[in-house]
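Both of the next two complexes hold subunit A, though its partner changes from subunit B to subunit C.
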Partner chain A sequence: MRWYDRITKIDRRIIYLLLTSLVILPFFLKITIPQNIMPQTKRLFDFIESIPPNDKAVMISFDYTPQTQPECHPMAKSLLKQCFSRGIPVIGLSFDPQAPGLAVDALTSTVREFDSLATNKEDSLVYGIDYVYLGWKSGRIAAQLDMGESIAGVFPRDYFGTSIDSFPLMDKVKNYKNVAIVVVLASADYPLDWIRYPQTRYGVNVGAGLTAVMAPKYYPFIQTGQMSGLMSGMKGAAEYEKLVLEHGYARTLGTAETGMNSQSMIHILIMIFILLGNVGYFFSRRSKKGMK
Partner chain B sequence: MKRRIPLGICLIMGILMIIQFFIPHPVSLEFSSVIYKWVIVLMAFALVLAIGNLIRHHGQKIRKKKQDWPYSVVTLFGMTAMAVIGLVWGVDPDSLYQSIYLNVMAPLGGTMFALLAYYMASAAYRAFRARSLEATLLLVSAFIVMIGFMPFGKYIHARFPAFAEWVMQVPNMASQRGILLGVAFGSIATALKIILGIERSWLGGKE
Partner chain C sequence: MSSDPWIWIGAILTLMIFSFLYKDNPFYKFGEHLFVGVANGYYIVFYWHNALKPNLFEPLGAGEFIYIVPLLLGLMYFTRFIPKVSWLVRIPIGFMIGWGAGLSIPAYFQAEVLRQLEGTVVTPSSFANPMSGVWSLIILIGVITTLIYFFFSKEHKGILGHASRLGIIFIMIGFGASFGYTVMARVSLLIGRVQFLLGPWLGLID
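Coming up: the complex of A and B.
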């Protein structure tokens, strides 16, 4: 077998072994490569920064599943840290039936982190005053549109079964007029519905945190101003973590930073293999042409 | 009559829902709010149907001892156990339900998705070849975006991230916008065909 045939027929077990090693390596070697912030990530961050404290709420639609947890979960935590640090109330909800478990985890872990740093009772976060999680609802588009009139009409009870009328936060937030932005953290095409329906009808601002494969579809909406910002995949999550850290809303970087290192290593490996495959293909084709 | 009544309801409701969307009058808003609540309830019934189908499908598989029937037992057990645990002990952050979700379902889901990386790497190596001009363009743009979006892309060349961003902002956006417009026009045409009764496949059965 010639060298160029050999490099096109590398055993897949070698590829798998290299892939596994490169995913694991960054977890042991703590390398911090500075992130360059993409404009759409900065735009979302700046939008949240422009919301006055204790005024309008940020609505986070947790619509990602365990499959995309490594990309979207750090986005949720960074966003929550920014909101809580700035005194912006948060309303969480979900339209993906797999999402509530992760939403509860993101909210609980961030709130516990904040409360562990609180020096007095007033510094700690209170459920129903600083944040609420409304849970999952069927009939996504109908629910999104109906919330423009009354959130309580669509979600009479929260995820844990408590009437939302008993929460002081929900006295202030009746519908989209009291919501500064809806940030959709999704692993499917949920943000498109928010743009098409509630934004068209009620003018609510929409931002998103999406998996990297979905993000290119949303670039036109950023340009038209229909979206107020976008976190794109693991990179977007790592960038938001960096922004949150730089502004003093977090003490350390989150998991997206390490994930980004693993992802970069894998991208390099895949590029090397694609190059090898193409070099082999090019020489083998040339050799066949020569023989003819 | 079995077909005319649903077609009539579809026509009337379709036109009414289009009109109400553009008229923010209190009467229109009240009407739409009622309809949205109906939709939410109807969609919840779809979940009941899905559960029914799942039980029937896997129940038959177990009864007839078809291939891999033990997996069906695990599926039905998992579904029933999670429903009972959630309904009896609640879904609080420290509940058993949440603990199972985070420690069983989340890692399993993540593992399934992670396997994709292996197939993608292997498939890209074997199939991603510069066989034509289009394939070469795809290959080059993929490399630019991947390198540009990597944290150390800027160390290869200072303008790499900006160039990758340009690929996303200009050629990608132009094609995405074209696709979105095509889909939107197609959706409008299909919706009109359904409302006017030209497209009747949603009724099921024969014409």
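Coming up: the complex of A and C.
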């Protein structure tokens, strides 16, 4: 077998072994590959920075699934840290059936971390005053449209079964007029519904944190101003973690930033394999032509 | 190393699924079938407690008999298993198509056609910042040449041919970006699993 045939027929198990090694190595070698912050991530961060404290709420639609946790969970935590640090109330909800467990985990772990730093009772976060998780609702389009009239009408009870009328936060937040932005953290096309219905009908600001595979589809909505910002995949999550850390809203970087070192190494490896494949294909085609 | 049995179950199942990368084997098959079973069970229980019970059976139990209408519409879907009355399935399907089309067609045109057209139009204000003006022009050329590529009523010759070839370049750039992002997404999932195995399971990283 000639060299150019050999490089186009590398055993896939060797490729998997190399991929796995390059994912693992950066965790131990402490390699740091610098990440630039993309404008759409900065735009979302700046939008949330512009919301005055204790005024309008940020609504977070947790619509990602366990398999996409490495991309979307760090986004949720960074976003929550920014909101809580700036005194912005948070309302969580979900339309994906697999999301509630992850939403509760993101909220409780961030609140726990936040409260551990609180020096007095006033600094700690209170459920029903600083944040609420409304849970899951079926029929998302109807629900999204109806929340323009009344959030309590769509979610009379929160995820834990408590009437939302008993929460001081929900006295202030009646409908989209009291919501500064809806940030959709999703692993499926949920943001599209937010853009098509509440954004078009009520002018709600929509931001998103999406898995990388979905991100290219949403860039046109940034350009038209239908979306106020976007976090794209693990890179977007890492960028947001960096911004949150730089502004003093977090003490350490999260899992996305550390994962991006492995991500960059893998990208280099894939580029090498793509080049090798093309070189091999080019030479083998030329040799076949020569034989003819 | 973790002492939590759930972490161990998660780690062992992860390794079972990854074993497929070497070759198909009984451990992979077990992990795959268990996943399908658990996922189905989760959805059944979830929809019962969060959709059917609160949205249908509880209101019916409380005497709100208007809910018989959605119940009947839902049950009609099952008539396709009974050949004699299978035509009844057309009623809920017709209802859903009518509702869906009425709701989505205007919204789709507004959000994804008209607003996108607006975003493509180049106006003098697009050149307020010279670089954004250049990008606006590139977007306009990209949209027009891509549309020309999909215009099949006339043979792609002359100006039309040049434009459609330029359109292909824009389409290929789009495919390249999508492929790059897809690679990033899939690698992210692997990184997530590796972080889980090295962190919570083996305790080798923070």
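Before moving on, here are some points about what is shown:
The rule is short, and it goes like this: the second predicted complex is superposed on the first by the 292 of 292 C-alpha atoms of A that agree within 3 Å, B and C clash if a C-alpha of one lies under 4 Å from a C-alpha of the other, contacts with A are read in each partner's own complex, and residues count from 1 in each chain.
Methods note: a residue touches a chain if its C-beta (ideal position, glycine included) is under 8 Å from a C-beta of that chain, and two chains touch if they have at least 3 such contacts.
Predicted, not measured: the structure shown is a model, and the values here were computed from it.
Of the two partner chains, subunit C is the only one that A:V213 touches; subunit B does not reach it. Applying the stated contact rule after C-alpha superposition, one finds that A:F114 touches neither subunit B nor subunit C. When the two complexes are overlaid on their common chain A, residue A:V104 makes contact with subunit B while staying clear of subunit C. Of the two partner chains, both subunit B and subunit C are touched by A:L19.
With both structures placed on the common chain, the touch criterion links A:S138 to subunit B and to subunit C.
Contact with subunit C, but none with subunit B, is seen for A:G259 once the two complexes are overlaid on the shared chain. Contacts of A:Q199 after superposition on the shared chain: subunit C is touched, whereas subunit B is not. After overlaying the two complexes on the shared chain, residue contacts for A:Y249 are found with neither subunit B nor subunit C.
In the superposed pair of complexes, A:N278 makes contact with subunit B only, with no contact to subunit C.
Touch counts on subunit A: comparing subunit C and subunit B, the chain ahead is B. Overlap of the subunit B and subunit C interfaces on subunit A comprises residues 12, 16, 19, 23, 67-70, 97-98, 138, 141, 201, 216, 220, 223, 235, 266-267, 270. Put simply, subunit A touches subunit B in their complex at residues 10, 12, 15-16, 19, 23, 33-36, 38-39, 65-70, 97-98, 100-102, 104-105, 107-108, 137-143, 145-146, 149-150, 153-154, 159-161, 201, 216-217, 219-220, 223, 235, 238, 260-261, 264, 266-271, 273-274, 276-278, 281-282. Only residues 12-13, 16, 19-20, 23-24, 27-28, 67-71, 97-98, 135-136, 138, 141, 195-197, 199-201, 211-213, 215-216, 220, 223-226, 232-235, 255, 258-259, 262-263, 266-267, 270 of subunit A touch subunit C when the two sit together in their complex. Residue ranges on subunit C touching subunit A, taken from their complex, read 21-22, 42-43, 46-47, 50-51, 55, 103-104, 107-108, 110-112, 115-116, 118-119, 139, 174, 177-178, 181-195, 198, 204-205.
Contact residues of subunit B toward subunit A in the complex are 21, 29, 32-33, 35-37, 39-44, 46-47, 90-93, 98, 101-102, 105-110, 112-113, 117-118, 120-122, 124-126, 128-131, 139, 143, 146-147, 149-154, 161, 165, 168-169, 172-173, 176-177, 180.
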